[in-house]
Structure formats: C-alpha cells, structure tokens
Amino acid sequence: MREAVAAHVRDGDTVVIEGFTHLICFAAGHEIIRQRRRDLTLCRLTPDLIYDQMIAAGCARKLVFSWAGNPGAGSLHAFRRAAEGMGPTLELEEYSHFGMVARLSAGAARLPFWTMRNYMGTDLPRVNPMIRSVSCPYTGEVLSTVPALNPDVTIVHAQRADAQGNAQIWGLLGVQKEAAFASDRVIVVVEEIVDESAIRADPNRTVIPGLIVDAVVVEPWGAHPSYAQGYYDRDNEFYIGWEKISRDPAALARYLDEFVYGLGNRAEYVEKCGDLERLRASERICAGVNYGF
Amino acid sequence: MESSYTPSEMMTAVAARELRDGEVVFVGIGLPNLACNLARATHAPNLVLIYESGAVGAVPERLPVSIGDPALVTGSLMVSSMADVFQCLLQNGRIEVGFLGGAQIDRYGNINTTVVGDYTRPTVRLPGSGGAAEIAIHARRTLVISRLDRRAFPETVDFITSPGHRINGRTRRELGMPGAGPTKVVTDKAILEVNPLTGELVLTALYPGVEVAQVAAGIGWALRSWDRLSEVAPPSERELRLLRDVLDPKRLYLKQ
Amino acid sequence: MREAVAAHVRDGDTVVIEGFTHLICFAAGHEIIRQRRRDLTLCRLTPDLIYDQMIAAGCARKLVFSWAGNPGAGSLHAFRRAAEGMGPTLELEEYSHFGMVARLSAGAARLPFWTMRNYMGTDLPRVNPMIRSVSCPYTGEVLSTVPALNPDVTIVHAQRADAQGNAQIWGLLGVQKEAAFASDRVIVVVEEIVDESAIRADPNRTVIPGLIVDAVVVEPWGAHPSYAQGYYDRDNEFYIGWEKISRDPAALARYLDEFVYGLGNRAEYVEKCGDLERLRASERICAGVNYGF
Amino acid sequence: MESSYTPSEMMTAVAARELRDGEVVFVGIGLPNLACNLARATHAPNLVLIYESGAVGAVPERLPVSIGDPALVTGSLMVSSMADVFQCLLQNGRIEVGFLGGAQIDRYGNINTTVVGDYTRPTVRLPGSGGAAEIAIHARRTLVISRLDRRAFPETVDFITSPGHRINGRTRRELGMPGAGPTKVVTDKAILEVNPLTGELVLTALYPGVEVAQVAAGIGWALRSWDRLSEVAPPSERELRLLRDVLDPKRLYLKQ
C-alpha cells in the first residue's frame, strides 16, 4: 500500500475512494494521511468517516459529495467544522446521489456530461453552477446535466482479484465500476489475491478488468470499520463512537496519532484494533452456475 | 399498560398502514424501514423493499443499521448498481412510494436537509440531499415522517433540497416533476396531507386524545384543517407486539 | 407461451426479442408467427434467423437493426429480398450496435435521447434522420444522439427465474437488461423455473427484477438454435443450413410449415428436432461466494 | 511442400505480427481471431482479446464460430454488458487495435459493409455496421484484412459505414475522431498503409514473388507505392504448424 499510494496519489490530485457503505477502503485513506498528501480534491457520494479523517488530517482542499453524514450515527464533525466556518477552509461542490452517479457515468464513458430528469424545483442548481441543462434534439424537453468527473486516481476495495487486478465484487456494487473506468489511475485493494483461474471460473462476477488497473494491493480487513460482504461485518460500534471522537478536535487528533500516524501499516492497525474476529462473517455460500457449453 | 405506546410506535404504525400490498417502496433507515417491515408482517406481505444502496426485494434478518447494511443484500432478490437504481428504477418511474424526512418541512411540503441558515455561511450544516432530491421528484408519491416542532415546520425552508408542491408559486406539473411529491406527513400527533388545490399541507387526522391546538403549536404557519377531522386508530396489540418483540426488540428506534 | 404471446404481443406492436448470439428466444418468435401477428416493428441489434423467419412469415412492417447477417454462415435472405426490393416491402431503420445499445439505454432510463461520440464521417446520419446531435453545455463539443427506444413488449430468454420473473443470466448479457427496463411489457422465458430461495441465494446474478415482468414462461431448449450457457451449445449446423433454406422462398415456406405452423408448441418442436442432446452443455460449474455478514 | 502456404495463412501470419504483446484488441471472427490467437501463441502471450459481445480476456478452447460463441465466455476474465463494451471500453479509449473487413475499401480507407449501389435501392444489401462504425472511430488503430479485387477496392465506396482518412476531403482530426483509423490493410498479395500526409492507401510491402502490377490489378484506383518496397517474410514453419495443427485443424478459415 505504501508503494501504491506513493506512486499513484499526488498532492493536488482529484481522488475517489468509492464504496457505498460497503468496501470503503480505510486502509488507503490512512496511508494517504500517513504520507501527508495535501490539496486533494476528495470526491465521494458519502464522505463517511474516511473523508472526515482525511479532512481533519489536512489532506483536503475541496470536497465533492452528495450526502455528508455518519450513517445512522450522527455527524461528520471535521466536515461540519469546516463547512460551518469553524475549521480549516474547505471548498464544497455539492450534488445529489443521482448527480454524483451521473458524473462518474459520464467520466467512465468519456463523455463531457450526463443527462438526467432531475433538480427541477430544488435549490441545488442555484448554489452549484455546474448543474446545467440541455434541450432534447427530439422532444425539445429541457433536461438537467452534470459534468463528467474524471479523477486522477480512484481506489476501489474488492473482495478478491488476481495479480493483474481483475477484481470481483459481490454484495452492494455502488459506483465502483464507473469510478474506476472514469479514472486516469486505478488502485485495487483486496481482501485476498486469488489465482487467475479463480477469476476465469466465474467471469460474470468481475466488475473491474485488470487492463484498467495500475496497482493491486492485498490488505485484509482493509475496509474496516466498513464491511466486506462474506468477509466481515460493519463495525457499527466504531461508527457510533466516531460521533464522540470527531466532535472534539483534540480527541480526533489523538485518534489519528494513535491509529494512523503512530502505525506503520494496516497489519499494525488490525493488531491494534484487537478483536476484529467478532466481526467475521457467517457462512452463507451460494451455489455455483454452469459455464459449460 | 398494554394500551400505552410511544409516539415512534404510533408514527411507525400509521406509516405502515399507508403502504398497499405489492407496492414498490424506496426505503430509508429507521422508522421507514420499521414501517415497511411492519406492513410486510401484516397487510402487505408482497411489498417490494428497495434501498438506494442497490438492494432490491430485501428481507433483512436484522434491523439494518445503515442503508447499505449487509443484511439488506443477503437473501435479497437482486443487487443493482447505483446507476441502475437511479436510472432504471427511480427515473424509470418504478418506485411507487418514497420515504423522506428532514430538518425543515414548510407549508408547501418543501424539505430541507442541506443547511440551516445561509448556504455559504450555515449555522448548521446538514448532510445534504443524498437521494432525497430525486426521490421527491420521481417517486409516484412520498411519505414524510417527522415530529411536530415549530423549528421543524417553518413557513419557508432555508433551502429546498426536496421539492414539495409549490416552488416560488410554481406547481410540480409546471416544473415537469413526474411524481406526486410528499402527499402525506406523518407526525407524532397528527397527519397532514397536501391540499391538491393550494399545494398546502393541511391537518386531516388527529391521533387519539390530541387537540388541534397542540398540533398548531408545532407548526410555523397558520395551519388550516379539514372541516371534519378523522381520528387515527392507535397501534393494535398485534402491531405493537410485532414492533416490540420482532422488529425492534432492542428498542433502537421505538424508545420514545 | 401461447397465453403470454396472446396477452402481450399485439398487431402493430414494437417488439424486441433480444439476446446477442446467446439466449435468442426462438420459442417466442415461433409462437408470434403461429399466432399470425402483423405489422410489427421488429427491433434487434442482430435480426438473426429469428427475425428472418418472422419477416418471411409476414409479421413485420418495419425492422430496426444494426447488423443483419447470419453470423459466420452468410446472409438473411428473407431480409435481403425485402431490402433489395424482391420481397414484401419492409421499412428499415438502421443504426450501429452502439447506436442500438444507446437507444435502449435511453429507453431504460426513460430519457428521450442518449449521447455518444460517434457517427462522424459515416453515411449513417445521412440515411437515418433520427441520428442527430447535441452541444455539450460545458465544452460546447457537438456529440451525436439517438432517440430512446421504448418497445411495447420485450421478450428475454434467461437461464432461470423464479415464479415472479426475477431472472438470472450468466454468460453474455447483451442488452437484455436495458431492453426489459425500456419496455412497457416484459415476457421472461426461461430454461427452468427455480424456487425464489435459489434466486435470493445469489442476488448479484439477477439481471431482471420480477417487478418489471408481466409474464414468465418455462420453455426448455427455447433458445435453440441459439444457445444457453451452461444448458446447451449453439446448433451451428442449423445456422449454416439456414443459408440454403432462406435463399429459396419455397424452402423457407416449407420450413415454417413444418417447424412452426405445423407444430402446436415448443415441446413438439424439440421432439421434431430429434437429437438435441448432442448440444447438451458440458459441466463447468464455478464455485459459489459467501453472502454472509 | 512444407514451405507452401495458402493466402489465408499468409494474411493471418502478417496480421498476427502487427500485434504487440499486452495490447488490448477488439477481435472479429475468422482470420482476425486466428491472427490474435497466433500472436498469443508466439510473440504476444499477454494480448487481451475483447469481443463486442462482451467477453474480455477470452481464451477460446475451440475456434469460435461466432462473435458470441460460448467458448469466448468460458474461462474469460470478465463478461461486460454491451453498454459497457461500447461506452467504458471502446468510447473510453481502451481498445488499442480493432479489426475490420469490408465488401468495399476505397482509396482513403473508407469501408463499406452496408450496401452495394444506392442505399434506398441497393443491388446488394450487406449486413450493415454492427460495431464497425464505432470501432473505426474509436480504436487507437485498426487493421483491415481483405483479398485484392477491383470490386473490393474501388476509388470511392458506395456507402461509408466505417470512416477512413478523408471524408469529402475532411481529415479525421477535423471530424473529431479519437482513433487513427485503418492504418494498415493486409491483403493476399501485399500490405497497404496510409500515407499520413495525403490520407491515401499506398503500397508499402510485397509478399514473396508478387509483382507490383499484380497488386495494382486488384486495386480500383491509380495505386501509389513507396520508392523502396519491403518484402514480407512468409509464414514460418512454427506459424504454419500452429495454424494448421492447433488453431484451425479443420481448415475452416485457412483452406484457401
């Protein structure tokens, strides 16, 4: 991970670490904090705890997002302090979920914009001039548009991939595929590396092809405290506990010292977290299908 | 005390009754999720639960702690990418009921989940839209669940995240919105419904033992009400048993 | 199948029977011919033998397509006779594959058009006025557009589905998902009906949700002479043999009499075809994945 | 007779040599497929084969009889929907080499696979574009495989299905095409390449024992050629052994 971040994440980059609740790559976020990247434009539908930590650590110049809360547990206070003018300045560019999905879809297709029937009656276009409109060449209907989002680097956490980065994901898929195809560089982080033959045995499960991947990193528990379907559950206590930590800048600083700066890598994090085994997933293995002909 | 119940339990029961069997519902976490599962366990066994995270036909074995809970995926009928959720399901018009909540809901059902105060210098920065803007625009109808409070029901919201029935005097049809918007607001004391003629939220039904004045006290505008107000039945024993013993045994959402 | 076609396919309808080489529902096509539907607008990327037969049978008023050949074996002569003015008149509306995929993508999203960077320098827009252009509201770039395609009815063949039509497909996916979501009515035809629990055991395999399906039909070998991954191989001899049959209108009429009009249903077709077992797929079953948490 | 070989074998070997290891190739059925698999078996083991049907990283265990052959899926790295193939792979610029053939190829590399004669009243109705139009526009470069024949190489095509290097005098750049287009035409007697200055296809290399006049005889315009023509090496023993014993043992495509 150290090498992958050093090689592919640069100061000033537009960075996407995607994963909707599922497979959020905290391992990569922590490494970016450790390497003290600066002036990043961080993009995610839900900034979540990972971007709250990166904002607190001073990595971010700008945030592009659609829902900035602590799902089911409260606020992202580092984000809120910045947004409410009580923290470091942070530029905000705000859409809805559909808008962010559309921006990445356009980026993946290498089109300059994406069309939606959306935003009429909302104040979002008033505060975000990048939400515009286009007239249908057939019906004349005016539809709303968002510009393509093409990150410098996208980091995707997957359950498994082969050495070339052919990555398979099951459970919630979020916008990882679109983000990866939209990006100039792609880092795939996985719970486990498998032999190419395991990928080839079930090609319909592959979400990201190795041909667009620049680096593959194995990082078990790399998505903790978020979850990896079939590997480990969400550490909900940590999410609830974050409310208290992030509310107090000093406590947040202590957390970063202890769990990020104070550690050399993810293995040390896993060890420091102690009993993560309590989150280990139960077995609900599905049947295979026949690819014969 | 078997007849006593909390406001959350009442709101959940009332919201559940709003759902018809077989409907496709865009579900949120908390009371909406409980309302949907209560409906599934009672009069609407064929309700199709869809979460913006992509889980379609979810049958959560545990109370989901987030909209992307793994329990929503395990045993579901389909997992959609979010691009498909918003384009092929929501924008396609397949969602019959959406649930919305908000820090502010105004006279015309406009909802604010973005900022309290000025957008560029907010006193309180809220999470933002998430999928709320497009749900309010596309779902055939949306249900709002919110406790009465003058701050929560101002005359005008500070920011329109999810459009209601009048936006600067313009109707949803004039603005080209496919869905009917927030047709009903389920509060802790009464039910408000949109007056289709004026686009205004009006009082249409009271919970047992509630006076109109108590409702008006929690509303930031001169609340109008139907001449004849219906009284809403309290949660039945069965509804309460399901909520307490099966759906939220730890009282995560139903305590108050 | 008889009931599904009678109920959902009407004279004058715009009909899509999709499946790119894989899972082409000949069973539905034959039933539509048997029920003597007329004035249909037939849409498919590759008309293939199924639409060549439906054109010969007089079901079609118009064809919307992007590649009208007999893959690897020659021509679709019923189509060619019509196109070359030596058969019944057939209106043609022609795109490229990308254009047809884009039309169905727009239809599925219920947008009036779809945007592409395509068609510059080709003669297609000259002969098809529905290929137009739009200016990007951000860059000013002029991009090409195609109008949404929203069929009256789409027929999709899948390996399996439950009784509600939650359909799972693996192997080539073509544009079936887009076509189904774009359509007012959807008929799902499957090799086998499985219990809902089998679908729920592997939700990431579901391509079409039952909530958009109007009818579910079980029709083993329903895609013959095309193939169903994991069930049976393509009957390539039939595809090669079609060249000779379709070249001669009399021979084609005889084929329809014998294999379509002369038979009451698909079971009789399977029996008449004789030894289809030679096409039975070998076993290449993949491993399952864990959906536990 | 071990040194003798068919034109198809020569064309396949020549096309295979054009592919570099690790390249991402949009493959067609027939000779292009054989050329890719020959390259994989010789100098380009890491070639990534993508079929417009959606199979990515295909390793067909048998000679595919169609672009959607099940053998292209079994053991492949990924199956993409066709929307992803055209938007995320081709339009995204990930395809480095595309293969095209055609009933007509003109002086400027424009290709016709749509109609012979007038579009509305064709003498021969051809299959149409399929993915050819977008491949010619987006693939970083495209290779054309076609036997020489005056009817196949007219001065001007009857219909431009896949654009070449000059369209009514306009260049690809002027028209905004991302890819380089058909840079090389592999025929049964020689290799034609585009002259980057004029956009015209010119003779650059001859096969063993072929005279310029024989090539010109199969071209419908005044063919220009480089001053110094290189001679193309015939298929090696190894190439022939692979083609005959492994890749097309039944001689489906290599007979003539």
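As written, the chain order gives the labels A, B, C and D, with residue 1 at the start of each chain.
Note that a contact is a pair of C-beta atoms (placed from the backbone, for glycine too) under 8 Å apart; a residue touches a chain by one contact, two chains touch by 3 or more.
None of the values given here were measured: they were computed from a predicted structure.
Colleague: Using the contact definition stated above, find the chains touching both chain B and chain D.
Modeller: Under the touch definition, chain B and chain D have A, C as mutual neighbours.
Colleague: So which chains are sitting against chain C and chain D at once?
Modeller: Common neighbours, chain C/chain D: A.
Colleague: Tally the contacting C-beta pairs at the A-D interface and at the A-B interface, and name the larger one.
Modeller: Between the chain pairs A-D and A-B, A-B carries more contacts.
Colleague: Just curious, how far off is chain C from chain A if you go by their C-alpha centres, in Å?
Modeller: 37
Colleague: In angstrom, rounded to a whole number, how far apart do the mean CA points of chain B and chain C lie?
Modeller: 41
Colleague: State, to the nearest whole Å, the distance from the C-alpha centre of chain A to the C-alpha centre of chain B.
Modeller: Chain A and chain B have C-alpha centres separated by 28 Å.
Colleague: Can you pull out the residues of chain C that are in contact with at least two other chains?
Modeller: Answer for chain C, listing residues that touch two or more other chains: 110-111, 116-117, 141, 170-171, 173, 177, 201, 204, 227, 229, 233, 281, 284, 291-293.
Colleague: Using the touch rule from the top of the page, what residues of chain D touch 2 or more other chains?
Modeller: Residues 55, 70, 73-74, 79-80, 91 of chain D touch two or more partner chains.
Colleague: Pairwise, which chains touch?
Modeller: The complete list of chain pairs in contact reads A-B, A-C, A-D, B-C, C-D.
Colleague: Touching chain A in the complex: which residues of chain C?
Modeller: Counting only chain C, the residues touching chain A are 110-113, 115-117, 130, 132-139, 141, 143, 145, 147, 159, 168, 170-171, 173, 198, 201-202, 204-205, 227, 229-231, 233, 281-293.
Colleague: Would you tell me which residues of chain C are touching chain B in their complex?
Modeller: 108-111, 166, 177, 181, 196, 199-201, 203-204, 206, 209-212, 291-293
Colleague: Would you mind writing out the residues of chain D in touch with chain C in their complex?
Modeller: Listed in rising order, the residues are 29-30, 52-55, 65-70, 73-74, 79-83, 86, 90-91, 114, 119-134, 137-138, 159-163, 167, 170, 172, 175-178.
Colleague: Would you pull the chain D residues touching chain A in the complex into a rising list?
Modeller: Residues 24, 48, 55-57, 59, 70-71, 73-80, 84, 87-88, 91-94.
Colleague: What residues on chain A touch chain B, complex-wise?
Modeller: For chain A paired with chain B, touching residues are 20-22, 45-46, 65-69, 71-72, 75, 79-80, 83-85, 94-98, 101-102, 105, 116-124, 127, 141, 170-175, 177-178, 227, 229, 233-234, 236, 239, 281, 284.
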